[in-house]
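Structure, as structure tokens:
Per-chain numbering from 1; labels A, B, C and D assigned in written order.
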Amino acid sequence: MAWEEPRKTGMKYRRLGNSGLHVSVFGLGGWLTFGGHVENELTFSCMKQAYDCGINFFDTAESYAGGQSEVVMGQAIKKYGWNRNDIVISTKLNWGGANGEVLVNNHGLSRKHIIEGLRASLKRLDLEYVDIVYAHRPDRLTPMEETVRAFNHVIEVKGWAMYWGTSEWSADEIAEACGIAKQLGLIPPIAEQPQYNLLHRGKVEGEFQRLYSRFGTGLTTYSPLKFGLLSGKYNDNPDTPPAGSRFAQDDNFINSFRASYYGKTEWQESIEKSIKLKTIADRLNVAQSQLSLAWCLSNPNVSAVITGASRPEQVVENCKALAVLDKLTPEVLAEIDEIVGKITPDPARQD
Amino acid sequence: MAWEEPRKTGMKYRRLGNSGLHVSVFGLGGWLTFGGHVENELTFSCMKQAYDCGINFFDTAESYAGGQSEVVMGQAIKKYGWNRNDIVISTKLNWGGANGEVLVNNHGLSRKHIIEGLRASLKRLDLEYVDIVYAHRPDRLTPMEETVRAFNHVIEVKGWAMYWGTSEWSADEIAEACGIAKQLGLIPPIAEQPQYNLLHRGKVEGEFQRLYSRFGTGLTTYSPLKFGLLSGKYNDNPDTPPAGSRFAQDDNFINSFRASYYGKTEWQESIEKSIKLKTIADRLNVAQSQLSLAWCLSNPNVSAVITGASRPEQVVENCKALAVLDKLTPEVLAEIDEIVGKITPDPARQD
Amino acid sequence: MAWEEPRKTGMKYRRLGNSGLHVSVFGLGGWLTFGGHVENELTFSCMKQAYDCGINFFDTAESYAGGQSEVVMGQAIKKYGWNRNDIVISTKLNWGGANGEVLVNNHGLSRKHIIEGLRASLKRLDLEYVDIVYAHRPDRLTPMEETVRAFNHVIEVKGWAMYWGTSEWSADEIAEACGIAKQLGLIPPIAEQPQYNLLHRGKVEGEFQRLYSRFGTGLTTYSPLKFGLLSGKYNDNPDTPPAGSRFAQDDNFINSFRASYYGKTEWQESIEKSIKLKTIADRLNVAQSQLSLAWCLSNPNVSAVITGASRPEQVVENCKALAVLDKLTPEVLAEIDEIVGKITPDPARQD
Amino acid sequence: MAWEEPRKTGMKYRRLGNSGLHVSVFGLGGWLTFGGHVENELTFSCMKQAYDCGINFFDTAESYAGGQSEVVMGQAIKKYGWNRNDIVISTKLNWGGANGEVLVNNHGLSRKHIIEGLRASLKRLDLEYVDIVYAHRPDRLTPMEETVRAFNHVIEVKGWAMYWGTSEWSADEIAEACGIAKQLGLIPPIAEQPQYNLLHRGKVEGEFQRLYSRFGTGLTTYSPLKFGLLSGKYNDNPDTPPAGSRFAQDDNFINSFRASYYGKTEWQESIEKSIKLKTIADRLNVAQSQLSLAWCLSNPNVSAVITGASRPEQVVENCKALAVLDKLTPEVLAEIDEIVGKITPDPARQD
């Protein structure tokens, strides 16, 4: 259909799960970069490059860079005057947006925080509404009914969002939210935002297997390169993040994050798999990062893969992964399964 | 009842299906004319003439003339200071209002487009609300529940419309929308806007046969003259649209539209029927166009027939068709059925 | 309870049916007087007198005096600065508020008219909301569901009213509205406003008998003196309305109204009953009008009796009827039944 | 979890019943003090001290000091610029906020008073919303459905509150409200505010026993010291309130309140128990008031204990009771039961 190629960018779009919303198959996310270690001018350039490549989906969160990620994204949207009706802006709530201040109620998925948090996000974004608001992790101590009612409230009554989704919820939690929404006649979540990549496929392909057909759950996945590992950049220097990358920063969060991975057995095993995957990329004559991105898209349940970028060139590079999709023949995918391990659906849970 | 003859114009009014809304049996529509090839001053004259004839129903769409049809209609309403509480303004959503720009999300029946689209329509119309907002074709890739919820939202929460309807939906789609609305306790569509004329009666009289009693669906029909053919103006020159008519314009849309009809077998067959119908019109001593318009109204499930006009005189001519209604005796109607073919309801689907 | 005697006026208050709203047992209505033949200054005096007597319930309608009744009432409320939280303002919708102009959609109980009509009423009243909005007659051609949804909408979404009621609906229509509200989870009507007096008791005591316990329907009754007849003022001159009274006016509506009663058999029979009732009033040493008013209140299903007044003294006189209530012993009530006829509930319809 | 110790104050927080809202285990209430006999500057100091101790929950009511309690609390919130998203403000509706004026409708739990009353409270508080609005006693003459609908309305439609609760309702009334909310799909009450202290435990531990698991009802309890008695300050002078205390004031309300307790048999029996409790406090080496406060918190169904204060030092003293909680071993609690009497749940009502 004509709708599939607007602006002649070559970008592809998918409906987000069973919804009527179209997202570009690559989204641009602001975690650790925008409002953080990336200068604002460079953020603007990355966003402009993304838009020019056909990306219409921009993802942020109240907690990214203490709220600054939202501020900078909002400035870019205004600066470039994009048609608000065409782009998809998402944010996420759970950890509050205040700069590191630990507070009593300014977090979680209570009615109070969902309403107050989204209001604060919109103020930082300087927008009337976002397209998707995600629950940025489950809150197991708040009744699910309170959370579902509150998301329905900000969408249906306040008009502050068009849709809501979840992030890193379990299949049971998503099913509970959908069930409560159906029972109360409220709006269910339309999408989940999980980690998904060649080294982390169990949840999306196993645990979630029945969500797609039962609830029409869409996926906007993050960490397609597993913090850069699947680009191959650690293949030779396992414990040294490249200069300029997110993990080369020196701050408390990054340091502890890095320490929890580098040098550990799982990290070493991952790098061994990455080295094997590189041989496939080389044979297909594509960058390893593009192979990794395209592999995520080869799963039809994935609507969009959220990528990060510190420089506009990275955006262009990432988008080239679209061209790799055709090279992922059943034979190549089987070869990849050999390396990273195949997910066998639990027969007891099949539809 | 006294209500039936306000302003002493002789116009007749019908409730729109099972609703409490009254529409004049002739409506004035802005397709291809208002904001398009008809100058604004002439549009104003047509609308004033229509109002003076007792027409209270004006129909437009976000996509007509790239949104300009709404702009001009809104200006006329302001210009003449008509009582907003008495007139019925409808618009339609699906194809977006931006001038030909192909966009990713600015179309269809997603929650996002219904909300954003209607907001944009109201801005162009410079109105607080329309009376009816139509889904201007089905959107088969958006879940029906999302669409029904969104129409309910703009009516019940936003107050941007009084009622909603469909246009060129199938009977099954209308029934699904009504069923979902009932199950969720939301507002169902009250009307469908199909093509309906002497040469195109199957859908209204066949496929839709059970909708009227089951859901109280009302009809506001368009194309009563089949693009002018049933006025008899092609009887002598089958392939030449009269100067000044909509189909005499020279632009891409019209040219391809014209090419898909003129000279084709179906077109020729239609003109042959038109020539036979003329003999009936002549015998009844009425214009063929008036016979064609009155025939539409002889179907009691039709609440309003939407007509187009480039000149005020056409409006007056069309309204004279009301006087023809009495001449459509059972015998004349049977004679017409002989020419155009009668619709035999499917017994398996009868009530 | 202390609440029952605020402002030490001696006025009594009742909950309106099964609701939490308190109305004074006498209300003041604006039909044919306020905004009509009574000068504004005199209207203000009547309303002030009513308030000073403890009346907190003021009733008007969009159609009274072409909307002027609402205008004048609104001015009085502002002028005297009464506590908005304590008074009960009601208006009624069905016949439109435009000065006699016959319109297509500006009447009835369609969603369009309920929303547009109440908005116009509030503008005339210069209030943010009324306490009760009544459907001022049924509209049998609009689906009940549309009407119930629209009243729920103006109360629950718009905040333009606190409660809704009906006026001169049949028991079946009220039951249908309550049933639809229950099925859809919407707000049901809390009260009906029927005519009720010594000569017109069948509907309230017969047809409505099951509404009170099944739906908690409250009653605000009008015409307690049957257009003055039950004050005894026609006892001696059956066909001559006293100077200064509403029926002494000379305009089209009054003239035709008067002609439909005066001199007719029913009118004569009514006056004969009135003459007999006077003997009871004389024996109890009370004005006949006060006997008639008190009799209405002796029915515990009546929450408020709406009275009219052209002069403040009438308000004071009417309120004195409260003192008559104690004199209506079972014996006196039986004696009255002898004269006017007793209503025997239909056993088949008893609870 | 990190959330449990914000601002390093040592304060503890609990979820309010089954909700997602966190309240400090001690709240500060404004009954009889703020806006009343305590000067505004002192009120500000008390509130600041409470906040500095980690208290985030401030409780007032429309009727406290004729509305002045709300005014002063609102001024303090503005004055100190606390993060609105972190604090919990509650008010209560039932008795109206007008200075002692007895009115007809400005009280109770009708839709009219809940809407008008909360609007007036917010104006006095100068806030957009409160976190919890309580029904400040049941209103047995208003249908429960009207009350539940109205609380849902101010929360869901108006956005004037985040949650609602009840105060001094019976278990049956709370269960009815929860049942109606469930049946209609509306928001149920999340908490009850009862009196609860060593001498008044029957309702919380007996009558309410099934509410906690069935409806997740949370408790914010008041009068933990039984008007000071459980601080031991009457141990030696049973009938003399200490200078400066609330009950040392000389006004009509206090005088009649005092007269209903002092010198009565129950009062004497209570003081005898208080004297025995002091021996436990002495042995544990804590103030008797702190023992009494800590005892309330030893009940896990209690989310917050609302305390009053006329001076900042009292706030500090009260908060020290947290340290006593660990000393309430099963043995100590059993010893206390011996003195004040143990509540034996009704077996017929056990879950």
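Operating definition for what follows: contacts are C-beta pairs under 8 Å (C-beta built on N, C-alpha and C of every residue); 3 or more make two chains touch, one makes a residue touch a chain.
Remember, it's a predicted structure, so these values are computed and weren't measured experimentally.
Student: Where each step is a move between two chains that touch, what is the least number of such steps from chain A to chain C?
Tutor: Steps on the shortest route: 2.
Student: Counting residue numbers used by both copies over all numbers at the interface, does the chain B-chain C contact come out same (over half shared) or different (under half)?
Tutor: Chain B vs chain C: different; shared/all numbers falls short of half.
Student: I'd like the Å distance between the centres of chain B and chain D, where a centre is the mean of that chain's Cα atoms.
Tutor: 63
Student: Measuring centre to centre with CA averages, how many angstrom lie between chain A and chain D?
Tutor: Result: the chain centres lie 44 Å from each other.
Student: Check each residue of chain B and list the ones that touch at least two other chains.
Tutor: Answer for chain B, listing residues that touch two or more other chains: 157, 185.
Student: In the complex of these two chains, what residues of chain A are touching chain D?
Tutor: Residues of chain A touching chain D: 96, 98, 101-113, 115-117, 120, 139, 141-143, 146-147, 149, 153, 157-158, 184-185.
Student: Quick one: which bits of chain A touch chain B in the complex? Just the residue numbers, please.
Tutor: Interface residues on the chain A side: 2-3, 5-7, 13, 15, 18-22, 24, 56, 83-88, 131, 156-157, 159, 162-163, 185, 187, 216.
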